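Have a look at these structures, which come just after this line.
First subunit A sits with subunit B, and in the next complex the same chain sits with subunit C.
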Partner chain A sequence: MADGMINLTIDGAPVSVPPGTLVIEAAKQAGVLVPHYCYHPGLPVAGVCRMCLVEIEKAPKLQIACATTVTEGMVVKTQTAPSKSARQSVLELLLINHPLDCPICDQAGECELQDFVFQEGRDGTRYGEYAKRFNPVEDFGPDVLYVPNRCILCTRCVRFMEDVAKEPVLNVSERGDRAFIGIHPEARLDHPWAGNVVDLCPVGSLLSKDFLHKARAWELDKTASICTGCSQGCNITLDTRDEVVVRVRPRPNLEVNRYFICDHGRMHYKWMNRGDRIEAPLIRRDGELKATDWDEALDRVAGILRGASGTAVALVSPGASSEALALAKRLLSGFSWTGAFQVVMGEEAPLPGVPNLALRAERAPNAKGAENLGYSRDYARALEAAKTAAVVLVLDDPDCAVEASGALIYLGSVLGADAPCRRADVILPIANVAEEEGTFTNCDGRDQRYYQAKPAPGMAQPAAWVLGELTAALGLAELTR
Partner chain B sequence: MGFPHKPHPKETVVLSQYFGDVEARTHKGWVKRGGYEALAQALKMDPAAVTEVVKESGLRGRGGAGFPTGLKWSFMPKEKKKPHYLCVNADESEPGTFKDREIMRWTPHALLEGTAIAAHAIRAEIAYIYIRGEFTEPWTIMERALAEANAAGVFGSIKVYLHRGAGAYICGEETALMNSIEGKRGNPRIKPPFPAAAGLFGMPTTINNVETLAAVPPILKRGAAWYKGLCLSNPKSTGTKLFSVCGHVQRPGNYEVTMGFPLKGLLYDMCGGPPAGRTLKACIPGGSSVPILTREETESCLLDYEGVVEKGSMLGSGGVIVFDDSADMVYQIMRLARFYAHESCAQCTQCREGTAWTTKIMERILSGQGKTKDLDLLLDLSENMTGKTICVLSDSCAAPIVSGIKKFRGEFEAYLAGKRQPVMVG
Partner chain C sequence: MAIGVKVMKRPTQQTSYLRATLKGMALTFSHLLRPKVTMQYPEEKSSKDWTLSSRWRGTHRMLTDEQGRAKCVACGLCPQICPANCIKLVPGEDEAGHRYPLIYEIDEFRCIFCGYCQEVCPEEAIHVGVHYENSEYSRDRFVYDLERLTAQTHPVSTLWDPSDPKGE
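Let's look at the complex of A and B:
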């Protein structure tokens, strides 16, 4: 047993936790999930749902695990008759005014009310034929709907807005069983981080308009990813249904984004599903771009690179993976090399309740990674250099104003009708972030991995694969220092 | 509002000595009657010594819980690192209770003097007197008295504020009261931390009831031993207590008796018993939140903290609600449940949903639509509303239900069996 740790027993399992730990958190370490609604590790304790009542030896009555701190030698029991019966009662009470409209509720399948009632609720209600409380659906904000009939008044949303977003526009209005979540009459739930209330809501009471009726929870595949909305590098989950990204949710990382993501990041996924993609390698033949296979396309690029000398310029996207960026640099290592990227800037939007968490002004996930690899922010100079360079490589930056007199090679996923990259000699189709595995370096220098959520369309391949094939073809695959 | 009755010979008038004496309301009149002497005496003493006297007197909180007052004061941090606050709970909202109202109406300076002494004892620099919103007359009187006291320099460097509630019953709960003063919704807080550690504005706070503080000046003036001697039964309950008697008695009103006085004597001798031709049926001895007593229990009950507990109820706030044989207990209990359903702050699930459901079942029984299993359902619901929530509001709703069904089951069953004319409710 480590020094300074508190030792206690939860359902017979001994655990050691630091002083000040809450019983509910200590229980997690013992592998025990104490059912709860109002408690959330990212919010101040409210202790109102009374779901986590547990028996603690020597305590005169049941205690809530979410507001009780551990003491040495404490013996906690979560599965005794009094504790189970208290939880069963809370579940019954939460359901008496609940519409039980799971078949049409977006939360079904990932609803904590559904889960815990299934786990330990009563077989039926004793509420009888009384009318249920009814309040109409309310439009809270740009992406949030409030369905009061399903609300269990856990107040997570109220506490998030008050203590984390520090914009207290929500409250509990009215009293007794007439209570509901109210919004300031002149306010909207439009804080840049407001969308988190949808994730925090343990039931289907706060819904995302964007996700409304898009999918059932059990149809979704979940992939760990990193948000590309800015340089913060929030950890996210990409939810896909039939290989379409339908939702972005925060993935807890206490060091980066805790439990939250901003609305900009949350909405920054639709482009991943774009249908107008480059699906085959294109090479210029008789002055026109023609589709071909990878072998011919890669041969063509290798040929161009072998036959050229002098200067080369890489114009890259700060959204490309570090792997792709490193290989692009290596591919051009035989040249006098210039590499640069440009970052779209926006307004910074911090989440006041969490230190060092903000929607960053730099709206790209890997600017830091590009910089670390030697890419410059002086994009204008690189564009100027491109005019006379022997080879220009554009990586996933279709709208860059490139003018090249030498060879132009474009690796990208899309190609607009008037895109300057249409003048390229070779166009190689690449996967987007949802279709590949890779690494981003966030603004604090943290390297974070993201994974493939869906297949790339047509013949598109991850940029790192394409650039890897090319470096191998040129005999540059071995690391040289 | 009217004048109080003349004291009954069996009453022990300490707090109510000047009830009805208009002159005692003024600072001048209060000083003439020996007022503020106790304060002068206390200010010459060390705060800890004042606390010790109150501890020694055996004075216990008159708001309902009966916690020893001196002990509560002694919980304040010994080493003063933060501002200390005193809160005076004048949010008297417990149905059946109207004693604090009379103290504020007739002897506002008794409360102010007690407040000043308590603030000295706990070394508070700020005191808030939280007055129930509906108490318009007491508010006006307290405002005037405070202005006089301030003009007379009663409080020295201590700032005293009157804070008016907005009519929520729950704001009489100590931590909800603090939230309310802070400008927040009147929701009870989780304890710990207790107010002495982190109360009003997060600072060490003591909160006392009006009657408790009004009893402090006489204790200091006449000594702890005198107060301790005011005891007819259990030595743990000392002093006098105001009982607000309402309902089916001939002379309702506030009566002050020594702790341990028989409830029977209060109801029959002082209040004249039930109206002519009626007999006593039941009694709620300590405000609507405590279990109901039957006639037998009532007539053998001694009025002190232990005596009432012995009969299965609680002394509570001293709001005595009396029912004679004409009372429909099922209807009365429904009214109580409806009150709690209305006043629940909506934080805890058991209370928010449970009080409302309880009310619905009670209304259904009264309307003749009840089912036999409703009684078991009520008891099970009450069991789950007891000891499971942040504050005791839901326990208070359950107490009359449980005791009512236990003691007056026949009346419930008469409705269930269709033997009683259904009552229109709602």
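Let's look at the complex of A and C:
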């Protein structure tokens, strides 16, 4: 075992952790989940829920695992009778005023209270004759509802707003069994990162209005993905039901976004479910766009590229995967080549409690990746060059105001009825980010992979597949960079 | 005739059918005098000797509350448990903030009448019914919507004996 490490035993399993580690974190290493509510690795320790009581040898009383640091030779027991009965008592007290409305609660299925009560709670209540406390539902902010009856007062939301968002608008109001989470009377929970309190809430007390009654937790399929809202590249999980993305949740990555995502990213999924998609390859025949199959469409593009020479311009989306961008560049490598992209800019919104985490002003996931591959930010000049270029390739940029005298090839998932790219010679349908696998490079140059969450509509294929087929057809597949 | 067939000579009382016929007719006519057991369906649907079991599982019925609204809170447990995947449910929220089913449909053709939906329902809203007369003039009438499910009046199944819920 390494020097400077502390050795201890948890439920009979030897663990070696750095000094200062909390018992609850050391237990995770031993494969033991100590039940807890108020503790969250992204928040300061509060020790208010008393759920993580464990037995530690030579300690006179049970200790809370979330606020006890490890010491050499410590022996921790989580499954002994005293700690089990302590947890059972805590659960019984939490349930005195809990409405048990799991059938209508959005958290049901991913609720920690439900899980732990099912795991080791009492069979019945001993408080049946007392009426439960009732408080009406409160509207906290643009996307947050507070249901006080379900609240277990773990204060995760209070600590998030105070210590991570640094906008302390929430508090614990009143005392004892009347306590509830209060909001400043003149404030709203409208911080750009406030949506995280919904994820942090271990029960169904803080709810997302966007997700309210939309799906049950057990119906969701979860796919690892990368947020496309900005160039930060937060790790997210796309929750899909029946091949529709219904929710975006943060996926912990300590190097990038820790446990959080901003509200912009959280709401930035509806376009993935668009119904007005291009579903078949379209080629121009007798002046009109006609649907065709992939073989003919790819032959047509390959023919155009073989027949043309001189300059080529690629107008790409900074939301395209690095694979697609690299292949587009390779496809045009026989020409005198210009590539450019444009990024929608917005307001930067940092999360003060986490260094180097913000909703970036650049609202595109792969601008850095495009830049690394040699695409320029000078979109206006590329548009100018496109006017005289022999070949113009537009990659997933439906609003591109291109005027091309040469051949125009459009790869995209959507295209308006009177968009300039409707004049293209060939339109190829591609999958969007939720329908393909690929890589984004975030603003710090970190390459991150995202995975397919749902099938692409119709005949749409990932852009990397389309461009890969074309480079192979042109004999450029073996070309080294 | 190439093959000679030997014909046995029997006494008349062995070859006459008269006796056996009379015996059979005597049994037949004796039934006229016995108690009747045929139930006159559809005029008569149950008798003191025979009724549908209270645990019969037939087409569904949704129970309603005092205001006449379906008791369902759209928790999603019945479509989840349904082995035949015959329940369609879309949850919504009414003006008072209560969760209720916007769409609740049961495809009775697809249903296998296992009764799991009734067993899993936390609100005792959806029930399988003690009912078997389901004929319709078109197939699409067999997808029962919420309005139709709440309008049913037949008794609901008890699924288990209330005095012995565990079947011991």
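We take it that the second predicted complex is superposed on the first by the 480 of 481 C-alpha atoms of A that agree within 3 Å, B and C clash if a C-alpha of one lies under 4 Å from a C-alpha of the other, contacts with A are read in each partner's own complex, and residues count from 1 in each chain.
Here, a contact is a pair of C-beta atoms (placed from the backbone, for glycine too) under 8 Å apart; a residue touches a chain by one contact, two chains touch by 3 or more.
Quick caveat, the model's predicted, so the values are computed rather than measured.
Looking at the shared chain after the overlay, A:152 reaches subunit B, while subunit C stays out of its contact range.
Ranking subunit B and subunit C by residues of subunit A touched puts B first. Within the superposed three-chain model, A:212 lies in touch with subunit C and out of touch with subunit B [touch as defined at top].
When the two structures are aligned on the shared chain, A:103 is found in touch with subunit C, with no touch to subunit B.
Touch criterion met: A:90 reaches subunit B, while subunit C stays clear of it. Contacts of A:377 after superposition: neither subunit B nor subunit C is touched. When the shared chain is aligned, no partner comes close enough to touch A:77: not subunit B, not subunit C. Against subunit A, in their complex, subunit B makes its touches with residues 168, 170, 185, 190, 341-350, 352-357, 360, 373, 377, 380-381, 384, 387-390. Put simply, subunit C touches subunit A in their complex at residues 73-77, 80, 91-93, 97-99, 122-123. Residue ranges of subunit A in contact with subunit B, taken from their complex: 45-51, 53, 61-62, 64, 67, 85-86, 89-90, 93-94, 96-97, 126-127, 130, 152-153, 155, 171-172, 174-179. Of all residues in subunit A, those touching subunit C in their complex are 102-104, 108, 137, 212-214, 216, 218-219.
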